[in-house]
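Next, two complexes with subunit A in common: one pairs it with subunit B, the other with subunit C.
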Partner chain A sequence: MQARESGRRGLSHYLLAGFFGLFVAFLYGPMSAIFVLSFQGPTGGLTFPMRGVSLRWFHALFSQERTGDFAGSFTRSLLLAALVLSLTVVISVLAGLAFRRRFPGSSFLFYLAVASLIMPGILVGLGIGVTFQFLDIPTAWYSSGLGAQLTWTLPFGLLIMFAVLSRFNRAYEEAGRDLGATNWQVFWLIVVPILAPGIIGVALFGFTLSYDEFARSLLTAGAQNTLPMEIWGMTTNVTSPALFALGTVTTLVSFAAIILSLGSIALIERRRTRRGSVAAGTSPAPGH
Partner chain B sequence: MAVGGNAGSARGGIVLKGVTKRFGDTTAVRGIDLEIPGGAYCCLLGPSGCGKTTILRMIAGHEDPSAGVVSIDGEDVVGKRPMQRGTAMMFQSYALFPHLSCLDNVAFNLKVRGIGKAQRRERALEMLERVRMGAFAHRLPAQLSGGQQQRIALARALITNPRVLLLDEPLSALDEFLRLQMRLELKRIQHEFGITFVHVTHTQMEAIALADTVVVMDQGRIEHAGAAREVFEQPRTAYVARFIGGQNVLSGTVVASHPGRVTLETGAQRIVLDAPGTEREVGALFEVALRRDRVSLRRSSSAIEAPSPNSVMARVGSMEYQGSWFKIQLDGASGEEFVVNLPDTRYFEDPLAEGDEVIAAWNPQEAHLLGTGGAQG
Partner chain C sequence: MHPRRPIIKVSPNFAAFLQASPLLVVLLAFFGIPLLMIIGVSFFDYDGTNMVPAFQWGNYVDLFESRVTLSLYLKTVEMALSVWAITLVVGFTVSYFLAFHVRSILWQMGLFLVCTVPFWTSNIIRMISWIPFLGRNGIFNQALMGLGVTREPLEFLLFSDFAVIVAYVHLFTLFMIVPIFNSMARIDRAVIEAARDGGSGGWRILWEIIVPLSKTGIALGSIFVIAMVMGDFYVVNTMSGGHSSSVALAMYNQIAAVQYPQAAASAVVLLGIVTLMVAAILRLVDVRRELAGH
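After this line comes the complex of A and B, so read on.
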């Protein structure tokens, strides 16, 4: 191993590095083009070159000039994402804990739940939309739309909880009960704090999956658009760099969500290892 | 708590009556009767899967028996929560809460009982001092070594003021040096608190060194429960003798029997034993245990020397130097492993070599007659 590492790199190294380079270019290339173009000057167009630099197109976004209802759809999407996040966290955590016990039909129930991951989203949305119409209930983002998005986020949340719980030692709960804690205290004082990083992960997935969900929402969101649908509409009728400004703003929101979650996970992990390392020098246990 | 009217004078006397535990189709514990006097140090000893941990968990209240009664100080505790039982358990993995400092781990019981922060921290610190971990109060469990984590787990269990402390393989995660150190520490703490310790282990010498009462288990049954010395010197069955170690088991069928003397066919050779008061039918199974350090060796003068009573002829197999003694394996002595622990001074007087013909002999009173397996509980 040592010799190979210090020796010259093989062909596979360059192939893999090239592949990774392509991946990065495809992912961040367009994103940075959009980012740069969103600061286009007032007289500039949808393509390079830049004619000056301005925040004009960001203004245009919030002023309902000719760009559609950005502010309204943005708010709706954030509210919906918050709702989806909360429900996904609560239901996935409880379901994950329940699935630890093998009950009759548990694996059937599990496959039933995760099957929606392979069903085409547009069909799920269509089915929900048609059903609501048949029952004569108006579709709306907070009812049919919310339900449609949960068919997408709950299986993900459950799968994450499975991964998180597979590393969770049940002895913690037994120790809690052994020390006189009620089931409620065991849950809040032991299970939730220990699982916190995983639960934040579920929340992040719930939020981002909802925030940019399109296929399932298209036919279930009702009269008022969520952000992805508004963007879709704009691509066909907005011909100004406001479109790029929109892309920049929504991407920043996604990044903020990711940074917030990863940041809090890192904070928890650090809190768990930091405290004693200050005093580590006093450890009287050589060899351990 | 109710004052019990059973055997021990101290608190924490445990009685199991007809306790059985089934998990689906498998039976982990089969109708066990056991009495552990209050204030005793009891070791449950056996190979993995013998049911010892299940018994511990039933005393702790983490499993309910399928049948039978578990009582502590005369009070039936089946169905009660651990706190109501007055038990505390130390888990094999210690199960220290990773998100809490050592101090808060130890104070956990006081917290869930609603005791104020200042008071519970003070009492937790006091307990940490008693296990000599006061300096580590503000560390997180992950920052401690195995031995230190164990002391924290011990403090966390003891702060509940239990009458019974249950320890699930407490020393198995430690290296040899720490294991010996913690063994002494456990004994010291048990003395200091004067409560019952029930300690599950699969290490024979650990049980012998620690326990007032050793309970040897196999396949969900108790093979032998008794004082450490009794279990070591007078194992009840061949299983116990083999499991505890330090013994050779001679087992064979009786081919001739006279008052006070039996002749066995072991599969390797015939052995004549002085066995006062025992007369056996020809063809019956006969088993004796023989301590490895009570067998003497001498070179055999000729390969066809007549077998004398209380001895076997054998060839020296592998030898292992143990410092103060030699472990000498003999081939062809009996149907199974036959080992002689020879003091080093005796060995060096006339060093043996592999393949040497020897006679292993013992005083008749050293042979301990064994019962047939599993009969007694």
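After this line comes the complex of A and C, so read on.
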């Protein structure tokens, strides 16, 4: 006997819901534990029980008392993430639009992007490291490190653009052209506003994937560490809750990025539905 | 006012090529060429401190003659397959619940978001968050002892293969959920209704309709998980506490010792194995249509 789609819910529904609940606990449980432990009292250790509550470990982070160059690596990671975000948005939006046609080499480029996406990060780092050594250029976070991260964020951006563009109705572009708009006008006044939520999504991926990237940065960031490298270094030699404080701080930055992007996407969508605007652009293309 | 005419007229296809060219340039410069460099360097010689340009198969011969290396490859593949099986079952079940048991679209999107948010946070932080959980005096052991399940803390929880698998499942199940949920969300509900009206039971619908129609999602998720486990070095290093290794970790140690030619040969073989596994999946399922939408 199985439950009907409409009406009562069978046992399987509750089993699945329970499984889902356990999965969410598995996903967030450990993270919330380190969040709590980062407020550990001054005499507390790496695990429970909490010996009081303090901000001591956050203070330790910024005073470089126990840790390495937290402030420097944090700044570098933010700058790098901003660079990766901008380049990822521009390059993948352009490429996404291009892929609506079968241009010369489109198949090759598609497979190149997919291969780049699944290439293990440490191998990307090795390849770039060796290439830079061969060319006798020193590696640095803003050159080789930047390039290494783009091999991962660009294919992601491209895939998101595919998903966004598959729901984009070209009739809006054609209508603009028929009314005499130039290519630039069509792009800035029609395409970009319609695709805005998707573009914000690409930006979110670009920022967070770069900000948290470790495997690709390890061999390409040069002499100055990015934040994830700093954290990895700390896992081996820092045995105080300062490690968790660092975890809490970087997770808050990620959360801020997520809330900012998802919030603005939600805002755009709400304004569109309120105005009942035809330019929602998400109606399926005719004959699709 | 007349619309400005472009100064140089190009065909639409060539214009599209120009639009895609920044992507092509970046991927060639930082992925294509470095990949060729790895292959080239894997044939180089090594004089004990530096790499010496040459063409010789020594690095590969050393690799295949070493028992230790071969068992390391086996262990890595075995690990990838175990993690793949677990993430597939968990990811499929979670996606199935979201797609077919959560009826309100708002709830569906909300719960899907709950599953994907950790993807945008640091892998390293998520990995080390298991340390206070699984440690000898960790939360899990304290709970077990509190409940009277064990008297002594369990030692195998942290710094073991168990901890490595837990961390992998924690980090990579998202890569299964997103594509599988995507495939499932596109399944026409009328097909399932029709099967039910025709008298098919829940399991039959699952096996004969939902699984086949989700196979592109399953394939994509599998490719991601397998490639990431095969290429991992830091999870295995941290969570096994140095007791266990992987091909990529051994390679990383060679790089740290500046033995680039050996590391490159190891990288080429690793890449060969990953490519074979991915090709096997692609032979079963055509994912291009799913990705490119045409």
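FYI, the second predicted complex is superposed on the first by the 259 of 288 C-alpha atoms of A that agree within 3 Å, B and C clash if a C-alpha of one lies under 4 Å from a C-alpha of the other, contacts with A are read in each partner's own complex, and residues count from 1 in each chain.
Everything that follows uses one rule, which is that a residue touches a chain if its C-beta (ideal position, glycine included) is under 8 Å from a C-beta of that chain, and two chains touch if they have at least 3 such contacts.
The structure presented is a predicted model; accordingly, all values stated were derived computationally and were not measured.
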After superposition on the shared chain, which partner residues are touched by A:272: those of subunit B (first), subunit C (second), both, or neither?
-> first
Once the structures are superposed on A, label A:208 by its partner contacts, choosing first (subunit B), second (subunit C), both or neither.
-> second
Look at A:182 in the shared chain and tell me whether it touches subunit B only, subunit C only, both, or neither; answer first, second, both or neither.
-> both
Is A:174 touching the first partner subunit B, the second partner subunit C, both, or neither of them?
-> first
More subunit A residues touched by subunit B or by subunit C?
-> C
Identify the partner contact of A:242: answer first if only subunit B is touched, second if only subunit C is, both if each is, neither if none is.
-> neither
Which partner does A:158 contact after superposing on A: first (subunit B), second (subunit C), both, neither?
-> second
Now for A:199: first (subunit B), second (subunit C), both, or neither, which partner does it touch?
-> neither
With the two complexes superposed on chain A, say which partner A:100 touches: subunit B (first), subunit C (second), both, or neither.
-> second
Which partner does A:19 contact after superposing on A: first (subunit B), second (subunit C), both, neither?
-> second
Overlap of subunit C and subunit B interfaces on subunit A (superposed complexes) = 180-182, 185
So in the complex, which bits of subunit B are touching subunit A?
-> 60-62, 81-83, 87-89, 91-93, 95, 97-99, 101, 108-109, 111-113, 135-136, 138-140, 142-148, 156-157, 160
Subunit A-touching residues of subunit C, taken from the complex the two chains share | 3-4, 6, 12-14, 16-20, 22-24, 26-35, 37-38, 41, 90, 93-94, 96-98, 101, 111, 113-115, 117-118, 120-126, 128-133, 135, 137-139, 142, 170, 173, 189, 192-193, 196, 201-202, 223-224, 227-228, 230-234, 238, 248, 251-252, 255, 260, 263-264, 267, 270-271, 274, 278, 288, 291-293
Write out the stretch or stretches of subunit A touching subunit C in their complex.
-> 2-5, 9, 12-13, 16-17, 19-20, 23-24, 26-31, 33-34, 37, 46-48, 87, 90-92, 94-95, 97-106, 109-110, 112-116, 118-124, 126-131, 133-134, 147-148, 150-151, 154, 158-159, 162-163, 165-166, 180-183, 185, 204-205, 208, 211-212, 214-215, 218-219, 228, 231-232, 235, 243-244, 247, 250-251, 254-255, 257-258, 262
Hey, which residues of subunit A end up touching subunit B in the complex?
-> 169, 171-172, 174-182, 185, 189-190, 193-194, 196, 268, 272-273, 275-277, 279-280, 282-283, 285, 288
